[in-house]
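Take a look at these structures.
The two complexes that follow have subunit A in common; it is paired with subunit B in the first and with subunit C in the second.
== the complex of A and B ==
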């Protein structure tokens, strides 16, 4: 076993463990932290496959931005996860059997041939930068999907705003113009009260 | 690095660009227009769709009614652009034209319903509807796995938001949540299938996938493995058994105007991506996917028609009816090739295309009737709400009668010819048993459509008040009902256009 194979299996084991902990951890903060670990490890595996741009992107975007926000929200919300998770473990036996069966079936269909460590078949020739190629493709051949993706993000933004925006709250402020032109009549109302008898 | 790059020809994608620009423009206009009824936004949205209808409709008018050969010639061109990611052919062009019409009618029906419900009548509703239209256009014109997926996401995201827009309703929120989670699952299945096929062929471009497969040498196990996931993902999006569970809940829970949108136009786009992925891309695997589709189709007809009988809610009943109709539509696609002989190809696929178009016309009318009956605070979505409709308004009862007869497949409405042409293709392919199963379940299906008719004509009305609806709505829904009857008298017009479109596209 060469060093690359060892690193691959090492990272994969951490990835599987972290992913499992994401769904089994009782504490949502722990789950989020394990999700960060999973993303980070995934980045490591991609770097091993010489996709260094994707590896950096997942760490910068997911670990750096998305997960920090996520963690922030999870810590702010005081959710009682125990109530939500009631009965969660009772599904475990059936779920585990079904999951194992599916993994076995996929393994039988695809055979051992595809479950090997990806040898670096697609060796990148020296002097070609992965990141630069992705950038070039994105603005030439893939310009149409690229623009569509921006529209998808825009729709996501519109959807988020329309579903959460509950009308602008007017802050209390005074209009100086009205203050200057105010008349005594506007402020004081003289009432005529009939005199009570007896 | 940029040596081989040619700046893409934008002309074939002009309708998409126009629609995207208009949607962005309307989004900005919505910021400055302070109008509670959103008349300006609605007007601009309709203007966009009507412009597209006239723009793309004129060539068809010239070709079909004026019989100008050069118009035919121009329509039957197949053009690729954006590095072969975008294709425009006659099938796509025709489906898009019908899509614009369907969306325009859908929004017109929804107008009064939205005005009565303040919380939904926002400018974003119309903008999201336009983006959903754009997503469907992208799907129809896709020649690349990535564009199919992005179009699908654009459509789905807009729809999830529209279902959830009625925020105060628990049912709508629940429906949106279910739709979102199951839609994400379906997208995952589709993507997994696509990645497997990419692994086997080394390309994401649909026409290139077909070429590699014709060339042979691709790993068959991997292909079949990917195909299973691809078909499952498509089945989810079409809503056929066993991937149908989201349909009844989403149709029922969503506000009726959104149900109308989900139930009509997206079926055209779903048909288009089935054709692009399975027929254009994986035609070599036809024997494999035809068998899968037969199972899906028979199950859908059985479950859809049987479960619809038990429903008391009209929206839910129409949801099960949608499942059965999609199963029927798939029958046509399953019979294109019989034991290696592709003689029945054109016949079968054009029957399916005709079926999908007919279904969109009928379902738009049926949900339109629910919208017509509804008032502020009253949804009119129970079958009992249609009791004695004949006494309240004989004309609209007659329209609903035509729509229900057409959906049931009673002769001389468009639904009959749609069913008939699919059955003809099935029999021509030699699947006698399949045709018998389809007829059997259609007969069962006729029961629940006729029940609606019986309720309208023979039950005493609960609510004696006459219907209140705007003139536009009355005219449009009458036109829709009459279209079901008239197209039933001249079905060959649409049928031959479908056949010609597929002849020139495949």
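== the complex of A and C ==
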């Protein structure tokens, strides 16, 4: 077994374990942490495939930003696990069908390459920058889907703000401009007092 | 060099490349840790002089052994794990803080050829790895099961996520004009320019055409490090000491090491991306690692100077600065640089 195969199986084992723990961990924070571990190892596997841009992007975006906010929310929520588990059996059939569908899809994708390390097939010739090729493709051949995706993201962002915005609250607000332009003589009055003598 | 290579090959055989990389890692991390130790001393000395005190002067001549004494003390102290904390995460959190701080150094170039891993997307790699550093802080705050620690962690996480955006935008400007994500390439691009051909190299470094971005990066870097005046995460007067209040001994020291290693990292990145890295400031002097070290020291001095000068930002002011001031500046300058590059007045061919 060469070193690449070993690294692949090592990372895959961690990935599978972490993904399992995401759905089995009782503590939601532990589940979120295992999800982070899963993303990180996924980045490792992509790096093994020589998809360095994707590998770094998943760590930068998912591990570095999305999961931080996710963890943030999970930590502050008071999650009652018993109440979440209540509907388990009634949701099971639907969940099982979805799960089976996903397994089938993944099986089709992996297909004949089962248990082969794909890195050997996806060899990138030396001197080709992954990031540059992706960038060039994104802004030439796939510019419309790319712009469309960014528009969808923008709509999602605005929708999230609209959903959570509950109208302006009456809060004590200080105007930073006024704060910056404050002069000492606006705030302090120096009094001249005659010396008091008895 | 060849003799050394042959010697190593003879002793270790096939595993020599791995051993050689390990040796290089040690050659980077050992001076870094020494630098971290003495940065704490320099910080206390510099701030001492700025406040008309002498600073540490009891341990060794001019207090030179002070960092070693501090380290030894922390090593021998007991690590107390709070009773109702989440033990596993409580122990992992300091490691998560220090590991990215060290891992990022893998791609930092010290000169044209002196770099551990000269990868294509080294700038992206650094951004990705440093963004993991926030987990150490969040997890330590959560695992400690203490209100102060949790509040500190919340503040610091929000702050780091906010300033990462401004930081990313300023780096996008740098990579636009360098046309590369590789740090060595970014420095080499700064070699050319109208001023460089006149012998005034320091005027063709990135800091001048990207002056607003340079300032944004430096300030966001300070905020990213949770350094004063942005140290709301450990605001002593409000939340005692923030996320690491429950830590003691070496676990606490790891947070400290991570903070100072990150400080040196941000200083190194600022020097590489805006101040020409190892390039010499004038034409008649040779380039070399010494210039990089001088630039890093200068930026570090700035960090210490900030700490001694500015009062701490209020939390809402800090968020306003990040979102309402820096990000608009970055967006405008991004367009300016783009138009500049396409115009006939472009400096970058």
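The criterion applied here is as follows: the second predicted complex is superposed on the first by the 136 of 198 C-alpha atoms of A that agree within 3 Å, B and C clash if a C-alpha of one lies under 4 Å from a C-alpha of the other, contacts with A are read in each partner's own complex, and residues count from 1 in each chain.
Operating definition for what follows: contacts are C-beta pairs under 8 Å (C-beta built on N, C-alpha and C of every residue); 3 or more make two chains touch, one makes a residue touch a chain.
Model, not experiment: these values are computed from the prediction.
Who does A:97 touch here: subunit B (first), subunit C (second), both, or neither?
After superposition on chain A, A:97 lies in contact with neither partner.
One more residue to check, A:36. First (subunit B), second (subunit C), both or neither?
So A:36 only meets subunit C here.
Considering only touches as defined above, state whether A:53 meets subunit B (first), subunit C (second), both or neither.
After superposing on A, A:53 lies in contact with subunit C but is clear of subunit B.
Please work out whether A:163 is in contact with subunit B alone, subunit C alone, both, or neither, and reply first, second, both or neither.
first
Kindly classify A:151 by the partners it touches after superposition: subunit B alone (first), subunit C alone (second), both, or neither?
first
Scan A:138 for contacts with subunit B and subunit C and give back first, second, both or neither.
Neither partner.
Could you list, by residue number, the parts of subunit C that touch subunit A in their complex?
86, 89, 119-121, 124-125, 127-129, 131-132, 134-135, 138-139, 142, 150, 154, 157-158, 160-161, 164, 181, 317, 320
If you look only at subunit A, which of its residues touch subunit C in the complex?
Contact set of subunit A toward subunit C: 29, 33, 36, 40, 52-53, 56-57, 59-60, 63-65, 68-69, 71-72, 75-76, 129-131, 176.
Write out the stretch or stretches of subunit B touching subunit A in their complex.
It comes out as residues 1-2, 5, 8, 13, 20, 27, 82-83, 85-86, 122, 124, 127-128, 131, 134, 138, 144, 146-147, 150-151, 153-154, 157-158, 160-161, 164-165, 167, 221-222, 225.
Note which residues of subunit A are touching subunit B in the complex, please.
Touch list, subunit A to subunit B: 106, 109-111, 114, 132-133, 136, 140-145, 148-149, 151-152, 154-156, 158-159, 161-163.
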